[in-house]
Structure formats: C-alpha cells, structure tokens
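Provided herewith is a single structure, encoded as structure tokens, for subsequent inquiry.
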Amino acid sequence: MPPLDVDATVMANRRLSRDYNVLTLSAAEIGTRTRAGQFVMVRPTGMTETLLRRPFSVFEIVRDARGAPIAITILNKRAGRTTNRLYEAEPGDRIACLGPLGRPFTAVSAPSEAWMVAGGVGLAPFATLAEALAAAGTPTTLFYGARSGQELFHLDFFDRLGVTLVLATEDGSRGERGRVTQPLDRALASRAPGSTMIYACGPEPMLAAVAEVAGRHQQPCEVSVERTMGCGMGGCYSCVIRVRHGAEAARFVRSCISGPVFDGAEIVWD
Amino acid sequence: MPPLDVDATVMANRRLSRDYNVLTLSAAEIGTRTRAGQFVMVRPTGMTETLLRRPFSVFEIVRDARGAPIAITILNKRAGRTTNRLYEAEPGDRIACLGPLGRPFTAVSAPSEAWMVAGGVGLAPFATLAEALAAAGTPTTLFYGARSGQELFHLDFFDRLGVTLVLATEDGSRGERGRVTQPLDRALASRAPGSTMIYACGPEPMLAAVAEVAGRHQQPCEVSVERTMGCGMGGCYSCVIRVRHGAEAARFVRSCISGPVFDGAEIVWD
Amino acid sequence: MARDLSVRIGSLELPNPLIAASGCFGYGLEYDEVVDLSALGGVCVKGLFMTEREGHPPPRIVETPAGMINAIGLQGIGVHRFVREKLPLLRERGARVFVNVCGTTVDEYVEVSKVLSQAAGVSALELNISCPNIKEGGIQFGCSLMGTSAVVSAVRKATHLPIIPKLTPNVTDVASFARAAEDAGADAVSLVNTFLAMAIDVETRRPTITNVLGGLSGPAIRPIAVRMVWECAQDVKIPIIGMGGITNARDTLEFLLAGATAVQIGTANFVDPFVWSKVLAGLEDYLERHGIDRLSDLIGAFDPTPPTAVHA
Amino acid sequence: MARDLSVRIGSLELPNPLIAASGCFGYGLEYDEVVDLSALGGVCVKGLFMTEREGHPPPRIVETPAGMINAIGLQGIGVHRFVREKLPLLRERGARVFVNVCGTTVDEYVEVSKVLSQAAGVSALELNISCPNIKEGGIQFGCSLMGTSAVVSAVRKATHLPIIPKLTPNVTDVASFARAAEDAGADAVSLVNTFLAMAIDVETRRPTITNVLGGLSGPAIRPIAVRMVWECAQDVKIPIIGMGGITNARDTLEFLLAGATAVQIGTANFVDPFVWSKVLAGLEDYLERHGIDRLSDLIGAFDPTPPTAVHA
C-alpha cells in the first residue's frame, strides 16, 4: 500500500530518561499499513531549523478496544536537532509523518524460533515484530543490550507477549556486563543450523557482529541498518549500503527501498 | 542607557481582532528604560523561518502596584511571517527582545497642547506618550483613524488618561468617515501657530499628509516612520529616509538611530 | 474555472511547468505510488553514463542552513539498463521523460544521446555538464565556454531530440554559457545545478561527507539561482528551465517571472513527495486571484520598476 | 584556565580572530554601548570612497531563506570625514580598525589608502574589489585577475599598512584571485563578499529592493564560503580572513579549520549584537573540551579523511 503523509498531532510524550522518549502520533492510517521493520519519515511542522525529514522506525501501533489502530508511537533518542525537538515536543504539536516506508522483516513461524537482537534505540522495530511473531505463535527471544539498566525500556511489554528476555549492559548494572552478542553467541551454540531466525537492529558494528555470529552458526539473519536518509523513498541515493547478492559483484543499494531490512549475510560491512 | 537583549517570556496574548493582538512580554528592564516613541527589535526564539529581528514600538509599560515596570506590551498587526507568529504566540513562548532603541518623542507641556495622530497600528507609540503627557499635565488629544470601528482599540485607556478622542474610520462605522487628517486639518484652523505639538504615527502617506497639514498651520510636528530595518542599531544602513536639515542638502539618514521619530518638516517624502 | 498552465519548450508541449529535477526523483518509478507521473510537466531522471557507476561511498549528504550538500557521485545503472528496464514503464505511465545525460568525454555524451534517441519514449535530453561531484567530465565542460560548445554541438549532430544543456552556477558569467549553448544549437538551457560547497564536522575536524566537496541545493541558493535565470533570460532567446530551491507556487512564479519557461523541483521533493499537486494548486490559485488565464503570460513578466519604501 | 585565542595576520597581532564585517557594524561607534570594541579582534568599518556617497534608495534589504539580500550601494561619509569624525573615537576605545577601501578607479583606491595611511589609528586596509552593488568599480576589479592585480599593486606602492583585498565569490575560480592578490603584494585576503542575488515580489511582479540585484549574505552561503576559503588556503601562503554566514563558535571553527586565520561576522551581528562574547565563550569552551591551548593550532587543521557511514 502506498505511503501516506499525515500531519499528525502529538497525543502524548512519555520521557523515559534524559535521552529517550516515546511519542504518540495520531497517524492511525499509517499504523494500519505498517508491517514490522518499516519506518516513517518525520518532520516537526513549522520546524525550519532543518529542512529534511528524519527516519524513525514505527515503534508501537496503538489500538482501540476492538484492535483498530488509532495511533503509532516512535521511540526517540536524542542525537541532534530533530531528535532534540522530538524529545521536547508537547501534546498538540504537529509532526508531519510520511510512511510506512521500506522493506519489513520477514516473520518466521514455528518450528523456527525468532531471536531479536536490539542495541539501544535499535529496540524500536521489535515491538511490532514481537506482536506479529506472538500472533503467529513463534517462540521468541529478545537479546537486548544498552549502556545501563536505566536504558532498558519496555521490558514489561515483551514479557507480556511471552518473549524471553536476555539482557546485557555495558556497565553491568543489569543483565550480563558487556555486549549483547556474547550471550547470543553462547546461546546459538546449542541450536541446530537453520533453526533460528535472527533479527538485529542497532549500531552498525553490532549488526556486523551479529551477522558474523549468525553466519558462523549457520542461522539466517536479517538486520535493519541506519544510513543517513535524505528522502526515504529512493529519490536521492544518499542512503546506500554495499550489498552482495550471491555471486554478483557487491554494489551500493538504497537502504530506504531495498532495506532498511537486509539479509545480514549479504551486507558488505565497511 | 544602553539597550538590553532580554529573552522575554510571553505572559499574555490578547487577540483584539483577526489581525491585531497585544502581547505582554516579561521585559521589565526594557520597560524601565523606555521613553515614548522608542522601539524594540523582536524575534521569536527558535523561530528560524526568518533570520532578522523585526521592529515594534513599545506599546504599554505594565507596572506593579508601586509603579515599577514588570512587563512591556507590543501591539501587533499581522503583516507577514513574524507578525503572524506573534499573533499565534502562547503564554510561555519566548521572544528575544532588544531595546529600547531609537530616538523618542519630544514631550511638550502646557501651555502647549499635544495632539497625537494615529493611523491603524500607528497607535502603538501613543499609549506611553499619552501617559508621559498626562503626567506632565499637558492637554492631549488623540486623532485616531482605522479601517473600521472594530479596529479602534484601547479607547478606554486614553479616555481614563483624560485624552480627548477624535475618531475617523474609512467605512464610517465609527467617528467621521474618511481620513483622520480631515478633522485634524479643521481643528487646527482655530489654533494659534506654534501652540500645538503634533505627533503622528501610521502609514507614510498619512505621515506626509499630517506633516503638510501641520506645516500649513505652522505647528511643530514629529512623525514616527516605519522603514524596513535589518538591525535597529545603525549597523546596516537599510532603514534610511531622506531628511533635510535647514539649508543642508537632503540626505539619507538611518531611521533606527536618527529616528524613528523625526521632525515632520525635515523629511523629504518619496 | 480551469486555468491554462501549459508551457512550451521548443517543440515540446508540457501540461504544466513542473519537472522533477534530475537526481532528486530516482528514475521516476520510485514515486509511482504517490505521484501521477503523467500529471507532471516532466520527469528528469538521474544522470546516466554509458555504463553503470557506483558513486561515492556514504555519507553522501549533509544538511546546511536552508539547504543540503550532496555528493552522490552519479551512481546509476547506465543508459542501456535504463532503456531496457525503466523507460518502457515510464512510457506506460505517460510520463514525459527528460534524461540527464552524463559523460567523461564529448564522445560519451554523444554515445549516450544516440542510445536514447533510438529508444522510444524520451522527450528531451538534458546534458549534465555541471555536476560538481565527479572528477572527470561534467563540470569541466560546464566551466569552459569551449567545453560547453563542444558537447552541445557534438550532441546536436547526433540527435533529433530537444537538447537542454544544464548549466553550472559556479562561474563568473552564467549568461555567456547560455549564449554558447544557444549558439551551439541547444533547444533550451536549464539552470542551476548545485553550488560547490563543503561542511566540516568541527568536533572530529573531518568532512561531513566522504567526498569532502559536494553540491549545495535547496532554498538557500534560490536568490542566486533566480538572479542567474534573469541574467540568462536577457541574453538568450531559447527557453530556460529554472531551478534551485523551489518549494512552492510562490517560488515557481519567481522563476517564471524572471524568465524561466519551466522549472524543476529537486530538494523539496525529498521533504514532501506530494509537493507537486500543492504547487499546481498554488499556481491555479494565483492565476485565479490575479485574473490571468494563461500561466505562460507570466514568463519573463518581471517588472524592474522599484517598489516603494513606504508600507501602506 | 584561560586559553590563547590570539591570531596573527602578518605583522598584526589580534587578541582573537573575530572581526566585525564591513557594512555590518556601521563605523563601529554605533555599537559602543553594547560591545567593548577593544575586545574584538578588529572592527572593519563600512566601505569608504574619497567622498560622501548617498547609496541606493530604500528598500535596501530583503530576507531570503537563512539569508538576506542587501543593496545599500555603499552609502558613506567619505574617507576625510571618517578620519576626522570617527577614527579618533575608535582609537580612544582601543579598537583595531580595519578600513574597507572603495574606489571607482585604481587611482581612487590609491588616494583613499594614502589618506588612511597618514592618519593615526588604522590597523589595516581591506580593499573592497568585490561589492556587487555599485555600477562602477568594486566588483569589476574583483572579477578580473588583471583588475585585482592592478588595484593591489598600486595600493601596495602607496601604503605601509597591511593590505587585504576582499574577494568576490561570484567567480569560477576564487583561488586564482587569491594568488593574483598574493603575487601583487597583498598581506592577506578576505573572502567572501556577498553573492549577487535577486528576489521578486510575485504579488506585484516587481523587485523587493530598489536596486533589483543585491548581495546575499547569512548562513545560507556558509557552505560555499567555507569551500572557497579551503580552496584558497591550499593555494596561497598569506593569511586568509574567512566569512559568510558565521553565527556561532562552531561556524567560526569551521572557517579556521578550513584555513582561515581570522573571521568576520556580518549578518549575525544584526540578529544579535551580543554575538561577539557568545562566540568567544564558545571558542574557549571548545579549546577546553578538546584540550587545546592555542586556537591558532586549529588553523587549517581540517583532516580530509572520510567520516564513517556508520553511526555509533
């Protein structure tokens, strides 16, 4: 279904920490169309400090009692001009929201298991993915790493869906100390090749590490990458990443339309 | 006293009509320094649609019970980007406010009378001037013209100060139909030369007409002009108006520092 | 009442003056779901060489005040794949296709143009002699009058299609380039391509984009672009396609008044892919308000009589 | 800990690299109440001819996205009145005075320079061969290499003061002009002056400013200006004074890293006359955060190694 441009209203802004917040946006129609892993291109209306929109994963699809989407949320982490503005947004503010865009995750079902690997704000696409997996009855685990325990969000949500949680923090304040790829690597040792679909989203070095671990254990792997995007629709060629399909030569593809979700084995990491 | 740059908060926004509003700004220190006829250079903080500040007369100086300034107001009329934003401002918004700037009116005292002539938003400098004149006991009249009766504001304020009101509207809905210079011209016929100081603020064609009428009746006259201003401080030379001092050749002077108040007889109108 | 928005570039009749700018609209098909391609004046596709090009490593863009710098490096699928894979689909959709022709040598411009002339469904060739982002070709022709003449006259001999050299703003006297293009047989000129620019990340002291230098586009450059269109309009008779920072009907009108017959919109399409219908509605509204029947009556209708200093 | 912000332009030692840009700071004294003139690196006063000039009729400025167009037309009091009325007061305040020297002929540049060389209290002469807003002189010298050489070498013979030709960005290859200036004996070059630009009021179809054309300044042009400074820095040995859209410490550092020894701030001073102390504080803070003692160590310290595409 084609993307829509919705002049959404901020319905709520829940600040989770000094850097993270969740914005609820009245973009029900986008919610209806979104599949897990897709993103929206966002621009606070009237904000003219920046020109271009910014990409954000659709975090949650908020539904009414009968399950009809009434809003979407985005999980925002402060990184610069737009994300600071989104952090400070107040209910009633308007935010232009174009989407859904991009290639979604490929959901698997039992007997395959689904293991999601999130680093920091890379958690964003996994709320909707976990719902889809839960609906399909796929056994699901979330490996979730962050700087500290205070930056592990939304655990209840995944818990309620029956998702197994494996946590890691850089400072060791919660879960295992260090990178989330360590427990992932260990856990994969006991899984039969091809039995576990691995989904990853987070900083690119983490994605590269996950793809390597998955490859070593012969598990399929999809990663969602974050390249600087000018348009989100394939118009500008700014968002490229090097990809190798089978025996073809590696080439730059536009991560906004060929991705953001890619087969982890096909990406040629910088 | 040097101008200040105050990051003022909008304390109130009173919309008077579809085009006019009065903004109360927490710029007490500027209020303390302002003399009637001076202006502030204003820019809504975080508004990046426009780069430069915009000039506004200080409309009122709001005082506490003991007479100490606590805020200033500006009378705003929608004309474009900044004025639209100021119309829509909400309490709590911040507005950078640089001032007071420019040359004030020369207040006269009895036996001279003071006649103020305002066209539309040209009312703005006359609230503070009327207070100064009232304090000095100068008999004061306001000739006030607007498009219609709905656009004649703040009449009570002047009434309370004992200012005589002479009104004119273009549509005749209140006061005399037509230009405010008509009743002015008639009234001056009965005044002795040099007995009446005329102050004018409004569209330039009106100012030129007032200066002509004043000259014809041999009355002194000060006009406050509105030229496009880039800086308000004499830095850019954008705001010039042609002025002739006595026998000197006419030349362009910066209306932000040599004005905005000028001797009406000295201006060479376009 | 419907107003007439059509404009004419040589033998080409466009239903309206809005053309998607090269490099800002992919190959057009990317926007198929959100824009009726046949409703645009034209679609100018991403620059094409004879063969595929990989372009520069990312990051390729960075935002600057009211603008953006890009150094894509003309990544593209090459003219043959374009003709095979994209052109038939564009034709099906009724798009008027402008192809942005690139080359590292005069011969390559000629070759690419020949391939396109033999294909069905190309409306015009825009000769990209102004890309600031590649080492060879492109801007090296666009910054020399002789280079400009050489490319234009060589392509002129090789095609029956309308040819539209795209001029760079990075020159002292852009009108002289428009004249050189006209003299060499161009049917129209388009301008401006981007301004060579650079932004440094002061925290790392390194470039913000891999190529260090890139091209500045967006509203920031509009006042310079309008000036250049106006200068060219006074010097040449062939139609001008103006661009640089257009975001709405007002901006479009500014270019038309300055002398442009049509315009291209680039950066603004990134911000809002629905910009096209909004601009068209704005143009209709302007004609309505001003009681003008034909948009083309406004081409070059700028009146240099000074405004008054006086605000009424 | 206090960091060393001083920079050196030939024989001139400035306490910091911030100079008020010509035409954006009146004759300096206008800002006496809000800025400690001696605390600035320098004050470059409005362009001066031999005699008074009235300038263009208003309106003289118009805002554009992230910028403004001006056509003041070099209104000024002439060099004699300046020396008599303004210079003594500037000296009293301890300002380092840069005078922006204008002329309609080479001789006039020489004459104005001579008058200033005989007066006490002038630190340097900035030769304005780049004003886009006057019919004769100015940019006509700045757009020709021979004109640039002619003005610079003639003034060189007439003064012992440091001379700093101010280059126009409206040329194809700005570095060649910097070289011509260096070869002709300039002590430094400053760039950029404004970009020739135009804005039309589409409702009236008339110009927004009386002169029709004017010069574009402000943040919009910064990426182009930074690029030009970088190009010049690679080509000449003399110091460069960079400017164009600087609003804060980050922007200042961008120019220094690109190779500027000092900078000028123009348009941003209109928006905030207190910008100077804010930029100085920002520079101190940067040095502090990066553990750098001397700001001058950052001049030309841009490292063109590409950034990573990867966000950590």
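We call the chains A, B, C and D, going by the order they appear; numbering starts again at 1 in every chain.
Everything that follows uses one rule, which is that a contact is a pair of C-beta atoms (placed from the backbone, for glycine too) under 8 Å apart; a residue touches a chain by one contact, two chains touch by 3 or more.
For clarity, every value in this text was computed on a predicted model and none was experimentally measured.
The greatest centre-to-centre distance from subunit C, using averaged C-alpha positions, is reached by B. Chain pair with the most C-beta contact pairs: C-D.
In whole angstrom, the spacing between the mean C-alpha positions of subunit A and subunit D is 48.
With centres set at the average Cα position, the gap from subunit A to subunit C is 36 Å.
Centroids built from CA atoms put subunit D at 33 Å from subunit C.
Counting partner chains per residue, subunit A shows two or more touched chains at residues 48, 227-228, 241, 270.
In subunit C, the residues that reach two or more other chains under the touch definition are 57-59, 66-67, 218-219, 309. Residues of subunit D touching subunit C in their complex: 57-59, 64-67, 69, 143, 170-172, 195-202, 204-210, 212-213, 216, 218-224, 226-227, 230, 245, 250, 253-254, 257-258, 286, 298, 301-307, 309. Interface residues of subunit D facing subunit B in the complex, by the touch rule stated above, are 23-26, 30-31, 33-34, 46, 54-55, 57-63, 66-68, 70, 72, 75, 218-219, 267, 269-274.
Of all residues in subunit B, only 2-3, 5, 43, 48, 50-53, 96, 98, 227-228, 230-231, 233-241, 251-252, 257, 270 touch subunit D in the complex they form.
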